[in-house]
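Would you mind keeping the following structure in view while I ask a few things?
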Amino acid sequence: MNVTIRSRNKKKYREWVLWLLLLPSLMGMLIFYLLPFFLSMYYAMIDNVVSRRFVGLQNFIDTFRNLSFQRALKNTAFFILVGVPLNLICSFIIASLLKKMTKLKGFFGLIFLIPMIIPAGAVVFVWKSIFDVNGILNWVLYSVGLPMKNWLESEWVLGIVIIIFLWKNIGIGMILFWTGLNRIPKTYYEVARVEGGSAMRQFFNITLVYIMPTGFVAALLSIINSFKIFKEVFLLFGNYPSEWVYLLQHYMNNQFLAANAQKLSASAGIISAFIVSVLFFFFRSQRKLSEHFS
Amino acid sequence: MIKRKNMIKRKNMIKRKTWQGGLLYISIMALALLTLLPIVLLVTNSLMSGREIVSRYSMDITVFNVLNTEYIKAGDAPFHFVEMTFLPDYITFYQYFKLFFKSPEYLRLFWNSVILCVPIVVGQCIISVPAAYAFERLQWKYKEHLFFIYIIVMLMPTQVLLVPHYLLAEMVTLPPYLAIILPGIFSPLGIFLLRQQLKGFPHECLEAAQVDGAAHGNILYHIVLPNMKPSVAVLVMITFADYWNIVDQAIVFIKNVFDEPMSIALSKVMQNDTGMFFAMACFYIVPIVVLFMACRDYISQELSFVGVKN
Amino acid sequence: MRIRKGWVLIGIIFLLFVVGCTIYSRTFYQWNLPKVEIMAPRSGTLLLGQYDVRSVSKKEEGSGGFTHSTQILLPLTVNYFYVDDEAEVTLTGIRNSTRKGRVTSITNTKENLVLTIGFHAENFADGESVDVSIMKETIPLSNIMPKSALHEDDKGAYLFVVTKEQGTWGREYVVRRMDATVWASTEQEFSVSSTIEYPVVFASDSKLADGQQVRFYP
Amino acid sequence: MNKFLKFILVIIITMGSLTGCSFEAKNDELYNSKLEEITVHLNKYGESVDELIKSPQNGNNSTQKELATDSTDSGLIGTLRISVMWPDHETNLIAVAAKKFQALYPEVKIQIQFHDDVLKYQAQTSVELMSNTAADIIDFFYIPYERYAAAGLLADLYPLMNADDSFHKEDYFVNVFEAFEDSQNGLFAVPLSFIFNSVSMRQDFMKSFDAEFENRGGISYQQMLDLYVRAQAGMEDENLYMSEFASATSWFEFEWDNLVDTRNKKVYMNTPEFLSNLEKIKRIKLTENVTQTKDGPGVIGSGYFIRDEIFKRNPAVLFVLNSSIEENIQTLLPFHDMIYSKPIPILSDGMPTMYAPFVLGITNTCQNKELAWKFLSYCMAERALPVKEVDTNSFLFRLGFPINKQNFRKLVQAVANDTLSKGGVAGYSFSGNRTAVIEESMAQVEKWCGMKGKVMQMDLNLFLDLIYPDLYQFLIGKQTAEQTAARIQTKTEIYLNE
């Protein structure tokens, strides 16, 4: 009998040590991230820093009705809805190409990873000299005879931002898909070929199905990285870019400079709400899918 | 006869394979070149002398020369394309010489960045490794919800956290560097990455170790840590890259111009001394590239485990 | 699955190189900075021009109520004499017979400038030869410096001024270029219209540039 | 192995810094000796010129009398935090006033934070304001204080001003205070100095184009632009210039209020007039920076005279901006052969425009607002101008007219005297008695500064982001006027709706 008691409180003892290991990180996260988040939500609820009159959701409603915020939301949504899938598709294509290669696989894999670590400040000059009015792109068009265009101020500027995003994030996606593809056992392909399935049917009902979990993680990572693109856009265009590339972070940065804590925290609250909903959808569907497969 | 026909079939099969293989290589090579184009340009241009850079990239490099009125007289400026070349006409190492031996302030900025990044990376590892292990082993109802909160907090934009951090630093009178380092150490990114790695780790052997009397401490040290090394390497690299090009917090917290990290000085150099920009950009990139090259095997191996059901 | 030793070595070598450069910048770089000599601009007046001319005095009711007047000729380049300026007139050869005179009118012929000076003198006869000495000093100036301190380039005349500024490792002396409009100048010295609050460089062992760190001579 | 590395590193760094500082000591004492010499000269020079000013001066020579505030509220205690965008220097009025204020009230403690980088100053001020840890008094140099006031972060100064009975309004230019009021006429920022934008025009052109603007109360930038284009069309060889101030940026600075209606967030930038004006801006020719060589003895001409001599030689400079006090006064003094007219105020929709280089405000989070106001009024109050050297005094007020009438008169008198003496040496003769001339010109300037004006608050950072990129493309001919106008319109709309 006492053996069980001892083993139970031994388990109790082990639990306590685990909590001890977790404590520093938990405390740090609370003090430096969770409390500030709640403090900024409190800022969003009051109407001005000094009188501290509680206003409830008025600030959130104003931010939604704000024209610039709507434009910023539209641009960011467009950027994510186009950029992230494009990133997944490109990295999948490159990963499958690399899979077929025999020699130099590691070398090319490495080259695609390097842009991930190159800091924005160093490379923005190259993008500017390529896409500027008298840059390389216009020089090519000029020599071919096509009409030149001021790309950085035209409606295609979001395309340029997506190109920069792809350049930076293809590496991670490619690595994920490459190892995901390797994980699919060869036997499934033999079986499909024996049944006389064409390459296309083979692709759809085997590769696509088994790559889904890695696809989720790649999508999550590229959404996380899509917020980091603001640094390049800020270095290229400054505080007030043209209206097509005016992102949410521009709106928040300008509110920050105008010392308007209410609008800043209100917009931050709205963005966090979006992130939470997207993540929730991701995790639920991922858990459902993985049950389905295992 | 049949053998010859098979031979022919096999020969053009091989021919087809080599032809397709060739196309594959060319396309991959082109894509790789496109990806490396900016970095190669950066390195080759850093060998150019200041005058040549200004003459080649004479387009309005900086938005800030607003009040100089020359541009109006040069109204009829000839349409001057940017001539980008891989090989400069006149190779000189003068910029590097000037950077390392003639301007002590850039060296000081480099050391500022190092002083800022190293404590954060080390602190991040010391805090995240035990926390991730504890997170994995803990049986607690709301564990998944706590992890979900970690991820949400990780995605918070920096401007929002800047004001409360400043308030905190003001209340506790933290020195500027500490006000940046402490939030860096406790950032939830570490736990997210390490936990993903541990998900793929078989629980059975951990229970087995526990049964034969090992305390958590040495379980962590002997079993878990060795094969968590890859994700720790990835964590080190991502955190180092993040805090090496830090901008927002540095502008707000650091008062003295010479205490700022190198990332802020990079944009200033572009305005007042464009010739030096390329040399300084290369000097700025070297540490991250070296770190990446050193632990690149871990990158490809570790990321593949992320999220795969064990 | 291991850390690439080769690259770790490259990293260490790079770090040692930067440490070496930092030490160089703290020691050798500081020792052989360009050396300069500085001075405080003196205050006082600048002597624009001094003329002693012998001429003939005439007795007549000159304008401005003077009993006598005389005329002296000066080169055309002289442009700093005006009405009401003072001059001393003495009978040639006779000591302590100097009289205070005033310039009554200024006219100029093709080759030179004619100054008519009126003065009171009871016992001077008409047609006496007198020595007229007239000199022109600027009003008291606050910053007079030797000509060696003045430099000039396509953007105009400028001086080098040494300021103590917050440098990389604490405070250091930096040479700053200060544009100046030359206000009054003679062959050896010149004065500038704006106030100078910092010591001015008047000699240096090498060519100076704006924003350069320097050390002092002794 | 790395323990060994660290050990070497520590030794080398300490050895390096040791040798470094031994040199330092010798340099320091030599440099300081030279510095004292200079200050001694300046003071000695100060007395010698003093007689010049004192002798002809009449009436109340109250410069030496320290402003002894009445003893009732001498019991001031508390600490004040001030952040200033000006280096710690004897021309920094706030630093000088703080020392004197603390001498006057020993219990008051004042900490001043000096900044010199504009971008960093703006970021840090906004963070401090948002986190309620802002300084009590803030220097609004390149700071969008209207937006801070709108966000309720600044204290209204009128109640403080009315409550403080030692502050007599008639000693100050009240019209300038009114110009700073916001829509609900609350005063959130008080200017310590101001300058009316005025321009001088070539007299011969004025007669030929019957542009008698002097007695029409002023000229708007639009009229100047049209006059310039008409004059340029008239001149065959097309080398008619405008001085540097008239670059494309000033078009937006002076006409900002007509183009942008901030209250109901309207922008009128794609109208046909705007397009025609863009074309006109493109035709402005700006004076190169004319150099003055150092040859020849006795070449005399400081700032305001040099312009006359040089622009006589230049073919024709139609308008010249009077940006400092000297230039305003020089054109007023009755020198005979002046080729430029008296200063003409620049109007923006009928109101003379004013530029305030030196604006301060009190934050709402300041506990002791009375003390902060006391210090502010002390900075504004009449003070003895320490050094007779005119430049340092005008820098104290950042090259603007001081808002206090006594300081205003002292400074204008000193400047007028300096102009006359330098003018005399520079060959500008004038008839009549010196003191009468000074008095008359001072009265003219004072009447003129009493006008009801409008503050031109164009935030340069804002201009750099919103307008400059497209304007630059337009000016170097890569973009048509319509495209530029459309682009600037949308960008400004984003800014307004934020």
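Things to note:
In order of appearance the chains are A, B, C and D, and numbering begins at 1 in each one.
Quick note on the criterion: a contact is a pair of C-beta atoms (placed from the backbone, for glycine too) under 8 Å apart; a residue touches a chain by one contact, two chains touch by 3 or more.
A quick note: this is a predicted structure, and the numbers were derived from the prediction, not measured.
Between C-D and A-D, more C-beta contact pairs are found at C-D.
With centres taken as mean C-alpha coordinates, the chain found closest to the middle of all protein C-alpha atoms is D.
Between the CA-based centres of subunit C and subunit D the separation comes to 29 Å, rounded to the whole angstrom.
Computed from the mean C-alpha positions, the centre of subunit A lies at a distance of 47 Å from the centre of subunit D. With centres set at the average Cα position, the gap from subunit A to subunit B is 15 Å. The geometric centre of subunit A is 66 Å away from that of subunit C, both derived from CA atoms. In subunit D, the residues that reach two or more other chains under the touch definition are 123, 127, 130, 132, 464, 469, 478. Shared contact sites, meaning residues of subunit C that touch two or more other chains, fall at 22, 26, 169. Residues of subunit B in contact with two or more other chains: 63, 79, 162-164, 167, 257, 291, 296. If each chain is drawn as a node and touching chains are joined, the picture fits none of the line, ring, star or complete shapes. The part of subunit C that touches subunit B in the complex is made up of residues 1-4, 7-8, 10-11, 14, 17-18, 21-22, 24-26, 29, 166-169. Residues 43, 48-51, 66-68, 71, 133-134, 150, 153, 238-240, 242-243, 246, 251, 254-264 of subunit A are the ones that touch subunit D when the two sit in their complex.
The touching residues of subunit C, counted against subunit D in their complex, run 16, 19, 22-23, 26-27, 30-31, 38-43, 48-49, 77, 79-80, 82-83, 138-143, 150, 152, 154-157, 162, 164, 169, 173, 181-187, 190, 193-199, 215-216, 218. The residues of subunit D lying in touch with subunit C in their complex are 5, 9, 12-13, 15-17, 19-20, 23, 26-27, 30-31, 34-35, 37-38, 41-42, 44-45, 48-49, 52, 90, 289, 291-294, 296-303, 306, 389, 391-392, 421-422, 424-425, 427, 429.
Across the interface of their complex, subunit A is touched by residues 24-25, 27-28, 31-32, 35-39, 41-42, 57, 59, 61, 63, 79-82, 84, 127-128, 130-131, 133-135, 137-139, 148-157, 159-165, 167-168, 182-183, 185-188, 190-191, 196, 210, 215-217, 220, 237, 241, 244-245, 247, 263, 266-267, 270, 277, 281-282, 284-285, 288-289, 291-292, 296, 299-300, 303-304, 306-309 of subunit B.
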